[in-house]
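Think of it as A, B, C, D, E and F in the order they're written, each chain with its own count starting at 1.
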């Protein structure tokens, strides 16, 4: 069984994979024939594949997100590796494989991530702030167990959103120790709430974003989270005009830093400035780490990364 | 009694005015002496003024927003007209003057503006939308009677905010007739709600913005209005996830059109596109009208207008 | 006979259409074969189509803008509907169809649009202004009967340019009533002249832009219209340095508002500010209306609209 | 007699100067006294000066642009050299000084500049182009004898506009020799016409820009020159749609290169690209040369230059 | 003895301060008199002050950076606190005060900062990298003991540059632990070298930037540090084309992230991305901390901070 | 034998060409077949070509940069001319053709270009400057004999880099004569050094850029050239802090003018301003000239040129 990121040109192979994408297309020939344009995935990455001469039965058998056993050959096409599938069948119970083995996941178990988030939540000393954060986390706890943080940008994997939160909490804890004038409650609450409405902005399955919801497009997760805080305060009987409520909303609203990046107000509290940079540093370094992980080790350069001024990242020689 | 916009160089005059600004300053001489740096206002405009040799009594007598009787002389200083005050006393009851005679106001009575707004509100056919708009208007009805729409940008006068709403409603009604595919309820609701949270973003007195509130700076009127809609829906038992609530919030959130102008999302509904242009057209034309009104008719050009790419406006000769 | 915007996947159909585009291409097979890559159009919209195995005779028979009778099947290809043509012949007299039935048109007859434009022109009270506008309209009256207002951006249909003018004139009339300080002659003249030189900037046929002329690319319709005003004044013996001539040129030159949008000067007259927003509002709302009209009613979202920050427009549920 | 750029701190001096600016101001003292805020100029530069205790007679005697004999002392005020005038009288015939000795001028005589421009004009081989250029030059020949090229930006001195033209013609001649594919007629015509309408965009006296005309603000010299070419063609019976006329207008319209720099179209001919860079190089290098000339030689750095990204220019040590 | 940040309106006080700035100016009176325009400083902040009627002796006695004993009164002038000095004398030995008590300093002793930097330097495992970093640190060790990191932007205090380095090293160490794929040697070296050439870009005294050097303006500290690495490699016989040298130069060159922020190349290594964000986070949070520290605790808002989108920072109420 | 820029639709032809690019691809048919996707080149231009049914032998015979004899037919595909190759063989000695006949070259012999560069170098009067320039030229003399100046932007042909230098030197000589205050040594040195590190930023063969080097991507030619000057000074024992060294580095670092164009500092010397415009003018005019040369003379417009605001260039009719 061969991992996708180990395949090289002309490798013949057999293995289990997930059909991350599957589209029926037609050749340009006369008459045109149906074929499958596929993206094969496993935990190590993904690869474009073709399955020529898809029969009527095939078209009723295979669908996106199916687990399949594939026999094929890897070859280079337009400078990129691609797979030509010669045989394919759906996985059966006897194969003893589980879908979670085939998707990219956070390196920490979702339950552990949720545990950390809840523990942090409990450690918020201000009772009203804790109540508001708890209201929001409880609302979407199920989704926090598996949602990615974004479509492609960063943390685009199973439980990527809560992994992003937890890593930010680590960084936040360090910064609060280094600069004790920061209000630690506000930093913790801001980190947990800043992207929490992505759970309703997007729909996701197995760590893959399916689409943006109508609400997500029309309001965006930043304004949605601000509305959630309003809702939490009302439902839990907290004064809407209290400084806490306003400051929590400010943290969420300003965390993209600039208007052209989606924030209607700019950071105007020490903790809001900190939140923006904690978020940016974690997201950007994760993009770099993901790109290096999913680029074959024989390559000096990763592909261009849109979130990094569309630059590729250079991988130093090991001996350095 | 001379209106401010009629004064010219070397005019000696007596009249009643409001002290729009008053600051105690000191001359550079030795020893330095106290004087008042003043902005005199009346319904026709405002003018910078000096009151030299302010005595200790004077300093305890005169304060901003006082009505005063002034004797002085107008003279040109650094190419701008200025007043040197020779005598000044506070207005007494016998003078028979009222503060509302001294401030710039909307050309329609506040009560009439409120009447139009409420009538429009009642004409919204969708019951839940009407309920939400009514909740928000009721919340700040007092302030709508007198707040300006902005500090200096546009409609910076008594009842300027509700005047802006009413003029936009007129334009909105026209557009809905011209393009019947537009949802008129949504246009009406969007116009009434788009700037309504300015009443808590700012504090204003007599049509003059005093300052931005903490909440106003940290959240901004756009996000505040979105939160108010959330609050209205909860308090009035309307489904927070209904399309109406989301669309109303989208109208408000997107009405500045671009991220760099303060909108966290861009217009993505026909009515939101219309709202943005109705708002822009009314605001920009009012800036032009205000500038022409407060510039002496003998001047060909108004001062530079920040909201119009910092351009001055040319006044055509009458015979044209 | 099936309208294009009613076709759905796997529909077999026969009908009359216009060949909006037709290009001879070759398959990648060995040996490659010729086929037609076609855009079929009718009054309801347009659709991509293929006609495989085009013979030598076919290549001498079919050309762009031909009316044809087509038998084919609609199918989904790469998530977009496409037509595979099985039979195609040119329309004959007996078919009794006329080309004007197959193109998108303004919802008002061109003659009526021209009537409105001329009536408005006659209502301009200043004689010299009226003379200049009349000179320009007369120059290109034929083209005003059918030119679109743009290639794809907005009003891209038969008589779209004069329809845009007429709708703007309606809006202009409203604004002049709402703000009587505006010079109505200048507003009328500005609306009629602002895009009039598009008739020489572009060449168009049946409401479809064919290409930009050399003059159009090197000068642009804004500067061309300014030159036309100069020409009109000279030919009609009007003083080139009179305020009227200069103001009319200013209206035209500034109507794109900013240098990066093509205006060499920014609006510096009340009427020029109004013209810019009247133009913008009409163009943007027409984009929205066109997009909603040509998107199947079953779709929640229109395609992305380049002129609206590349956003798609959401169509509310009917019950709202 | 001391040149302005030779004065240093605490120099007492007597000399003849021009009053480039004179404004009556009042001291802050009680009672305030009148004084003159003056800019003294001579051919070497200019300096701020004060004349305290201006009498009523003084106020009726001295006006801007007067030549005066001054006795004063130079002193440093807020890090800048300034003059305190102790005595001042108007120049009389006996003094034998002429105003042209006191203003910055092009280093070549205006008559010689005009001679070069006319000779170049005559050397344009295409008769119609030559006719158009001649029409425009003849129209404003008087002003070309003395107008500056800009208010402060570059060539802001007597006959600066024609000097700029002549220097560009030299550079244009070199480029045409280096790249023979360029049309020399078009380069010559473009250089002479590109800024020629500045003569009506501005009013200037003695090489100093007084103000922008209404026409200049509303149309700008770029569009004005385009209109002049239209006028020239009509008056001289040249076909308005001929390629020559269009290309000449394109040269003028595109010479600022980008929309945000005022050009409604971008260069789309080889000669238009050349014209833009010939203009830019001459203007920028003149800014540098002017800044170095008018900065005392003891200074390492010139003041900041707005037209050069607001950078100061470093003057290398001589021995280099 | 009163600390500057404790003074309030109308306080009469006596104390020791440093003359951070002192300029001789003249009053506008007749005749004008000399006075000192002063900036008084101590370890808690700084304040504008006037010393009226400066005698000839005074002008030969007091100079910037002198320690003085001052008797004065604080008063509010144009909404800002200012001091009027009634008596002033230079500090004598008997006063027993030392200049280092009067300037803002890093909260860690310079010697300790240097110790940390050197220890970190020693811990770089790659010998050649260590050699290069050591060469650069040794070159400017003296200045690292006291230079600020910037003129006003951030860390503008005694030993601010090395304090910035040390805080970044702490953050770098955390990030390397959190993301072990990062090359720790490169992070350490990048942090120490990124701003090291500021020691030759600027001249500074007592933690205050005096001016930019010619070299600093013409090359900038980013390119200078790149040149230093070249120099270090040559002097220490390290291969100029080795990956280490190139990577170190890349770290330094790219650390401002974007071209418009001064970096000729954008980060293209994981460590370079990390360095940029470590630098940004430390600089921005220090700006916030400095602004809050030097703003009286009674103020809700700090002044506007240029480096934070020109926003003011809000200080939460304590009870939160 | 037919030159590429003379081919038109349906021409059958035989000739010698170079395989500028050759990639093995597969048809979409079943089973897919191998074919060559080729770019054929000669001294007149280049053209896309297909060689269908590439055999196993073919795949071991033909490689990029081979000279071949081709028999084929030109045909229009998607509005662009393309070649279908029917026969192809490698060139043999008997064919008597040389690779240099098949590539675009500077119109001057490389040896002559180098001669001019060296002569100019010798004419630099300052000994140390001359030494530094000589060190850099000597370092890469081989590459200067054949490198292009860029990948596609401008001077993308054999010896394009040294041709660019020589043309700039001509222009520089003219400017120094026109403005004698410029330091001619610095202009000469700046021109020779400004792009010299492109020889290590890129790898090129036969005038075609193969790729950017790791060093080229991580440092860029601007910073690399600055480092070379440092190296030259050290190796030749010239004071690194001398004004000459700093000024030479400034010339190189600032020649792209703005940060967003890659310069870490902006021009701050007269000669640096001149260098930027000399470079820009030569590069832009060469782009225009190249585009006109390689566009068939029957075409009015060149393709869009990325370096010229993505505009096409219009070719005037000859008779003009």
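The working rule: a contact is a pair of C-beta atoms (placed from the backbone, for glycine too) under 8 Å apart; a residue touches a chain by one contact, two chains touch by 3 or more.
The UniProt protein names, listed by chain, are A, B, C, D, E, F = Phosphohydrolase.
Because the structure is a prediction, the values reported are computed rather than measured.
Spelling it out: a chain qualifies if it touches chain A and also touches chain B; which chains qualify?
C, E
Starting at chain D, what is the smallest number of hops through touching chains needed to reach chain F?
1
How many steps does it take, at the fewest, to get from chain B to chain E if each step moves to a chain that touches the one before?
So the least number of steps between the two chains is 1.
Name whichever of B-E, D-F or E-F reuses the A-B interface, so over half of the contact pairs are the same residue numbers.
Of the listed pairs B-E, D-F or E-F, the one copying the A-B interface is E-F.
Using C-alpha centres only, name the chain that sits farthest from chain C.
Result for max centroid distance from chain C is chain E.
How many Å are there between the centre of chain D and the centre of chain E, using C-alpha atoms for each centre?
The computed centroid separation for chain D versus chain E comes out at 43 Å.
Distance-wise, how many Å sit between the C-alpha centres of chain A and chain D, to the nearest whole number?
60
Tell me, which residues of chain F touch at least two other chains?
28-29, 214, 217-218, 243, 247, 258, 268-269, 312, 314, in rising order.
Hey, which chains are touching each other here?
By the stated definition, chains touch in these pairs: A-B, A-C, A-E, A-F, B-C, B-D, B-E, C-D, C-F, D-E, D-F, E-F.
So in the complex, which bits of chain C are touching chain D?
Within the complex, chain C touches chain D at residues 214-215, 217-220, 222-223, 226-227, 230-231, 234-235, 240-241, 243, 246-247, 249-250, 253, 258-265, 268-269.
For the complex, which residues does chain C have touching chain A?
Listed in rising order, the residues are 27-29, 33, 52-53, 77-79, 300, 314.
Per the contact definition, I'd like the list of chain C residues that touch chain F in the complex.
Chain C residues touching chain F: 23, 25-26, 28-32, 214, 217-218.
Which residues of chain E touch chain A in the complex?
Against chain A, chain E makes touches at 126, 167, 170-171, 174-175, 178-179, 181, 183, 186, 243-244, 247, 257-258, 266-270, 273-274, 277-278, 280-281, 284-285, 288-289, 292, 308-309, 311-314, 316-317, 320.
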